[in-house]
Amino acid sequence: MREVKGIVGYLITPYTKDGNQVDEAMIEILVDLLIKNGVHAIAPLGSTGESAYLSLDEWAQVAEVTIKKTAGRVPTVIGVSALTTDTTIQMAQKAEELGADAVMVLPLSYWKLSENEIFDHYSRISDSISIPIMAYNNPATAGVDMMPKLLVKMFNEIKNVCMVKESSGDIQRMHEIYKLSNGNLPFFNGCNPIALEAFAAGAAGWCTAAPNLIPDETLQLWNAVQKGDLNEARKVFYKQLPILEFILKGGLPSTIKAALKIQGFEVGDPRLPLMPLANEGQQELKQLIDKL
Amino acid sequence: MREVKGIVGYLITPYTKDGNQVDEAMIEILVDLLIKNGVHAIAPLGSTGESAYLSLDEWAQVAEVTIKKTAGRVPTVIGVSALTTDTTIQMAQKAEELGADAVMVLPLSYWKLSENEIFDHYSRISDSISIPIMAYNNPATAGVDMMPKLLVKMFNEIKNVCMVKESSGDIQRMHEIYKLSNGNLPFFNGCNPIALEAFAAGAAGWCTAAPNLIPDETLQLWNAVQKGDLNEARKVFYKQLPILEFILKGGLPSTIKAALKIQGFEVGDPRLPLMPLANEGQQELKQLIDKL
Amino acid sequence: MREVKGIVGYLITPYTKDGNQVDEAMIEILVDLLIKNGVHAIAPLGSTGESAYLSLDEWAQVAEVTIKKTAGRVPTVIGVSALTTDTTIQMAQKAEELGADAVMVLPLSYWKLSENEIFDHYSRISDSISIPIMAYNNPATAGVDMMPKLLVKMFNEIKNVCMVKESSGDIQRMHEIYKLSNGNLPFFNGCNPIALEAFAAGAAGWCTAAPNLIPDETLQLWNAVQKGDLNEARKVFYKQLPILEFILKGGLPSTIKAALKIQGFEVGDPRLPLMPLANEGQQELKQLIDKL
Amino acid sequence: MREVKGIVGYLITPYTKDGNQVDEAMIEILVDLLIKNGVHAIAPLGSTGESAYLSLDEWAQVAEVTIKKTAGRVPTVIGVSALTTDTTIQMAQKAEELGADAVMVLPLSYWKLSENEIFDHYSRISDSISIPIMAYNNPATAGVDMMPKLLVKMFNEIKNVCMVKESSGDIQRMHEIYKLSNGNLPFFNGCNPIALEAFAAGAAGWCTAAPNLIPDETLQLWNAVQKGDLNEARKVFYKQLPILEFILKGGLPSTIKAALKIQGFEVGDPRLPLMPLANEGQQELKQLIDKL
């Protein structure tokens, strides 16, 4: 198993101009760009990647192209998420078959899930594959909120669950994970505007789409933290914070696609009902990038 | 257009024992039962119907069997819901083609939707069909919360939006809908434990799965309200309230399926990760029914 | 013990123009007005009465004048509330000594109180007096939220606790109180905009400041409910709802004082930091009253 | 004006065994202890100091004894808080007269305050004194939530408002204060379990009662942060975190008084309805301290 840590770069899913198809060539360009710019891992099909809005076939297409193009230069972490356990298992098995280094599993809810149901869901997925699982907690989008106690229990009791991505934005959750696992469960921060504090609390990495627009700044934060230099970390964090807040607030698919268009990449719009970033937002984003 | 009002009975989606397929014969039995027991409309593929957990093909299968078997004896209201606007339109058109009297449209969210995005979503669906739309607000399950102002605006400005199902459980939302539409927008209650108060506030009907187990009681409440008899309405409401609270709290697919099994109907379990009602819950449910 | 039920009219606390003193003569005028207009009980020193903003001496002054002027024509329910148990007991004993028919006890919080602490608080107060206690739940203002289970437990186990005023605005709380006490614990609604539904759910009365401006309408609602006439109740409720919503939203001391000024009563402003209703709000209030 | 920064140590208010009077001698002992143990400022009459549960006379007594005993060795920050603006002004003036270096002003709510009302409240207090004001945001206890925009506006526009104590526990509030004031408004953290991250975000100090039991550890955190040593800061933070979480969760007056009793100081119990820490909690606290 290859260790995942540091800056985990999230891909958007680009569409062709005519017909809203997945644009494979553009995925390859974006993968190369992220790796060239220094990310420590590549993660397609997350929240940023509009995973929830793709058909199963499109999902597999994105996974395949990404893994092939990455070609082992850095680890790949494939987002795997569906409302039913059966479909999630299908996706996880497909990801493993395609050569993913790990899967990031986000439980979704329509009817609220009990902790028992969530545990069983992860157990069944783990039993069906033999690659690592990053348990992904993102209550705001997925409607499921996995508390630290449950996450650590799954880490202790379910074979392949060996990492957590915490996107609740509550720094105290990270403290709990640290305490309950005696610092043994690696946790990744998925809430951009608390990147500094998550590292202060001991995060193993930062899962972020920001490297699509500000790769240097995200890496500077990581490097300052590696050196244990709090003042430098604070300085580079506050420099990039307005952009981190902006991309989260506007919805990552909309804002990251807008940022890529500003850089000249024709990645298409997010799928309806999601709307592209309005003109006003595009102007604001340009100014934030120029100010850096 | 056939008017929908009164007790709108929600169907579960039954599965076969072997293989988790949709059980068409059982749908027909349940449709006949609900109509025989007096519901004023039939609604498959709602929250109770595990709509979110079905494939598109299964969804169409349930819609078709239900509409055929109902055969115009009462109106049919078909649940239509998907994360993308395109898929929702496909479903709405299919429902119309199959002969639905109306579609109930629930917007779903992964990324939060702005009011502008929701309005546009309904507009596009309305433009693609010519049957009535019931706008369905259920923030707890769908992650989208449509406030009364938006609902009334859509009623005023979007052609086919002509009814609302309010499941937030906040009685003051119904007051707002009444006030903002001068009493012209028919609203249905979708939160079982406030059925009495929703009728007091002027609801046109009650969207409920309760007729699968207590059809007489739900109709008694409707009839008392029709007579304007507050004391009788209160009496029959409190009689059935423990059951209404129980079925909501346990998750409607799990509790209604358990209740049907108690009555001898082999409807299967809800799909994983949803779990069937535990033994303890089944005992409690039996006792509540026996006590009536 | 005199039974309290029906429309319980809440008094504001009027201040003199010069010097922000309690205006005793104006209290007498307002008491007479409410009784003449038909309220079934008089309640000074509640949320509307700025109880929290008075000194202990002022509190006693208002209690004394109100009880004397009411002179047994209707029951008096005196608001009693302080952060410490000792001070609350002092107030309750004073209220009894002055001849109150009942005290309405609202626990306040700075540090959150456990259910054990709340129960003990009420027990000690009950032990110190021999008149009825109305337990008052108003989480939004007091920071203490007493769930139905606790309220019914106190009704069952603490001698003088024999009524509840529920101001959370959650209609399902009333259902719980009804169920858990087998309909034996009289509950009063303290959230104006759900007056209709609270009566539908079986409320013994309505604790409200609205009779200071619309006494006829509040009594019409009560009378329709007494007759069990749901349609009439709904009609008179929706007629007064815009005013009920307005007075709550603007803060009762500010809006009720403004409404009394419109009627020609010089009652002074609420105490700083509370501000009087702005001009715009006064205009809106006048129009709402004129429209009736 | 003396600058306040670093570890601001909060006092409890000790009571005599007989009669629940303020114990002046014990205040003097605790002041000496905190200063000897290295705190950078002394703050009586905060949330920990049961300020909300004292009479006005008792409040003045505690302020006077504390300021006299501190005798300028470190700055004193006196908690000032009342429901009315008039009483708050009285307290602020008294604090200045007694020689306080600064006042910490916490607005309280019964009726919710608008931003306009809060701003006016602080303006009037500022106009009545000439010492610095620390604006204190503690929504969980006070029921008033002052957002960063309002806090920075008051810093810019109200003469004596020159520091903020943020106790909401939301780290992103601190980012906002930093950004909106260009790093010019010193903010202090008042939520113990995020002490590490608040310093990472640039807090000027930590307002805490923890030095009453673990003075060395709190100062080690401050010193690590002063050196910019992130790894050391994280290490000493996680060491003390279980105690920080425990004292907050149990209510600071109860837990800090229990911790002082464990050390042999007879400080009395918190005032009813607050209850002293139960035996079980005392055992747990002892074990946490022993484990250090």
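Going by the order they are written in, the chains are A, B, C and D; count residues from 1 in each one.
Going forward, a residue touches a chain if its C-beta (ideal position, glycine included) is under 8 Å from a C-beta of that chain, and two chains touch if they have at least 3 such contacts.
Computed from a predicted model, the values in this text were never measured in an experiment.
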Please name the chain that ends up farthest from chain A once chain centres are defined by their CA atoms averaged.
C
Cα centre of chain A to Cα centre of chain B, whole Å, reads 35
Determine the centre-to-centre distance between chain A and chain C, using the mean Cα coordinates as centres, and give it in whole Å.
52
All touching chain pairs, where touch follows the definition stated at the start:
A-B, A-D, B-C, C-D
Can you tell me which positions in chain B touch chain C when the two form their complex?
169, 171-172, 175, 178-179, 183, 193-194, 196-197, 199-202, 225, 228-234, 238, 241-242
Complex contact set, residues of chain C against chain D:
47, 52-53, 83-86, 107, 109-114, 116-118, 120-121, 124, 140-143, 251-253, 270-275
